[in-house]
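The same chain A turns up in both complexes below, where it pairs with chain B and then with chain C.
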Partner chain A sequence: MPRFIDNLFKSIDKAAEGQIRSAARTKGRRSFLAKAGVALLGAAAATPILPFDRRANAATPLPEDDCSYWKHCALDGNLCSTSGGSLTSCPPGSSASSVSWVGTCTNPDDNKDYLVSYNDCCGKPQVNSATFCYTSKGERPGYRMGLYNDINWCMANTDKGYHCTVSVVVGMAE
Partner chain B sequence: MKSSTVLPIFLASLALPAVAQETFTPETLKVEERIAEGPNVLVMDQSWNGASTIDVLGADGDLKMKGNMGAGTTAQMVLSKDGKSLYTGSIYMQRFTYGPVTAVLHEWDVATLSRKREFEIPTKLAHVETQPALFALSDDESYLLAQNATPATSISVIDLKAEKAIAEIPTPGCWTAIPATGMKFTTICGDGTLASYTWAADGTFGKPAKSEKIFDPDADALFANPVRVDGKLIYLSFKGSLYFVDDSGDAPVLTETLNMTDGVLGKWAPGGSEAIAYNAPTGKLFVLMHSGAKEGSHKDPAREIWTYDLASKKLVGRSEAHHENTLTASKGDVPVLFAASEEGNFTRYEYTEADGEVTLTKAGEFEGLSKFPALIATDF
Partner chain C sequence: MIGLAGLAFAGPALAAEGQAHRDYILRCAGCHGMEGLGSVEGGIPTFPGSVGKIAADDMGRTYMMHVPGVISASLDDAGIASVMNYILDRWSPGEAAPFTPDEVTRRRAVPVADVVVMRRDVAKKLMSEGTQIADYPWP
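Let's turn to the complex of A and B:
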């Protein structure tokens, strides 16, 4: 298992350890968010060469708002690119989820595996015309929470309503 | 309408023939007090942006709509053993998509589709697709076990008599709470183990009793929702194996594994949200199956429903499915199966057995029943 994902699991588990009591409940969650955030940033910082999308020059381009696009390999949700946002940005007025699940997807251009953070965008209704994708490569049930895509990842935000999902490449898989 | 035209119309109405007024019987408005008699099937149509709906259909071939019950967002549900009460747990955002959150447990009277009571439960309740192992009644139905996720995982033990949570049991790295005998539940964990927890009426709880490593979450993960058969749990793996787990002792123990797909061509594997169902009188497991399986296809819709006989440990039936990914079986001597697809279509299957071979035949359909049919339950 990639170290990044392993760290993510440890962060989730650690946040729940120690017989959580009411006074510490909020702190425990914030602790997870901080660690997850560091993990995400760390993964990005440790990967100086992020993949760039050469699809624009490819012979048979696949649009980013198609569910078969390689970065969407474990995405269960509405594409933000068809909801007013883009592949990596939430639509205006929404908020990005503080926590996310992770997929390991293969870029067909270089045949390398990349870690993709699937962040939900939150606080708004869903767009009825949005493209809904339901892919699950490497997805696992809630006992591997960091890989789980059947849960609302807006759960840790102030605004918890599910809006759509973005696919953000955050690093290379080991 | 001008007032000058109203008066002539009014006067003209007074001049209507007396006989017409005498024969007219006005209709009366009323509210149905109860649903029609007969067996029922309940379908959770889960919403992530508003009210979730639990539709109640007649279980006969016409699948007649009897009415519904309405819970909040990302609702979970569990039906009491006698089928008379439905419990739901759901989220209420004060402004529908944002704002302060409450989590509410409802008890519904199925016969009248009305609320019996409601009270708030901890707001850590997971916002997640409806699953039986995430919201379950304890062995004696005195407690309800609710899955929390923040995303750190824990279980709220809710005392239904006291109408409050008496404990939050941390279950780091684990998911689900399968009620076991007594005040105990079993959960499945990301390190390939299972763990059992006990609690007491005063809200205290013990340390987890963990099993040895039972499965490999990377190579062949287990679906999180098992069926209970003669006291044991049967988990289904992504690649089509059955894992038998005895959780009657302190720690769960793996007692047996079987593979359903050995010798079957076509790369068949289970798929769906609730891919396995069990009927006790026949001793049969029913599994939603798809062909051409690969990593990531574990939620693919079914092309067939396989029937597996637990006594002979053999595959005894392969029947055509209709793209379903959620399945349940009734409890009676001759099971009736109900299944739903991601597209919201609902199908009913009748069971026949001849010469040891089982055939499931489509015998009822409700197209477009739901937007997101996440869980099905029967009261028979």
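Let's turn to the complex of A and C:
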């Protein structure tokens, strides 16, 4: 009986040794690395990182990119959100005007009136593809100086060149 | 006084702040700024440390009723008085007497040919009394 077990082990050893030597003769070590690498990369590319497709809404414009957005009701100028900035921040490289036009706009969500400051961003050329809006609600002709908005509000800045306009809510009107 | 003394501006969240505060934002803050700092380069004098000193002087009070922001604000005399008192309460509490609508009416009726010349006169008079008001670099 012990002889039988010895023989069995010997034959397993021999078979294993034969397989390993044969593999070592025919397969390069690099071929394993190459195949393992392909398998890992493929798994990473094929598995979604997030459970939704983030590209789905990337092309949808933001509501503030449209002149009819409620905060733009008294605006006269280019939207900063379409000039490389956002609804409330100047694009990089431009500076906010120290004086501004203030209008009153109704928020359709709560039907309340808000005071909105339209600060110009100054010191950079205008962006050709920017959306230009002329809503200017409440504006009056130039002889009503305090109610006249056709003005470059960059006039009080060091850089007087007009770039675009932001719409910032600064208070409630009621 | 209109009971707004010491009320710091804390953004759009404060809704019940009174008509004078809203009028200030809508009709004044575009140039004078939410903090009343104005713009030296834009020729808009700052309020803190200055407006109360002007309002404490008789000629200064008449001058205030003829600055561009007041004459073009489209407010009636009572509205002007309210906003003036809001500004005095906020940036120089206790430094000058409040305006009444009657005083606004009376001072607005005073003919002022050149408000910049008048400002120079006010600044000179106050300087001779040892009082410095906000810089105004425009000619």
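Here, the second predicted complex is superposed on the first by the 105 of 174 C-alpha atoms of A that agree within 3 Å, B and C clash if a C-alpha of one lies under 4 Å from a C-alpha of the other, contacts with A are read in each partner's own complex, and residues count from 1 in each chain.
Keep in mind that, in the parts below, contacts are C-beta pairs under 8 Å (C-beta built on N, C-alpha and C of every residue); 3 or more make two chains touch, one makes a residue touch a chain.
The structure displayed is predicted, hence computed values, not measured ones.
In the superposition on chain A, A:155 makes contact with both chain B and chain C. After overlaying the two complexes on the shared chain, residue contacts for A:133 are found with neither chain B nor chain C.
Once the two complexes are laid over each other on the shared chain, residue contacts for A:171 go to chain C alone; chain B is not touched.
Of the two partner chains placed by the overlay, chain B and chain C both lie in contact with A:145.
Touching more residues of chain A than its counterpart among chain B and chain C is B.
Using the contact criterion defined above for the overlaid structures, shared-chain residue A:96 touches neither chain B nor chain C, since it reaches no partner.
By the touch criterion defined above, A:105 reaches neither chain B nor chain C.
Of the two partner chains placed by superposition, only chain C is touched by A:114; chain B is not. Under the contact criterion defined above, the residues of chain A that touch both chain B in one complex and chain C in the other are 99, 144-145, 155-156, 158.
Across the interface of their complex, chain A is touched by residues 12, 14-15, 17, 21-22, 25-27, 29-31, 33-34, 39, 41-44, 68-69, 72-74 of chain C.
Interface residues of chain B facing chain A in the complex, by the touch rule stated above, are 48-49, 73-74, 91, 93, 96-99, 101, 124, 126-129, 147, 149-154, 168, 170-176, 188-190, 217-218, 221-224, 273, 295-299, 342.
On chain A, the positions that touch chain B within their shared complex are 1, 9, 12-20, 25, 28-29, 32, 73-74, 99, 122-126, 134-145, 150-156, 158-163. Residues of chain A touching chain C in their complex: 98-102, 104, 114-115, 117, 144-147, 155-158, 169-174.
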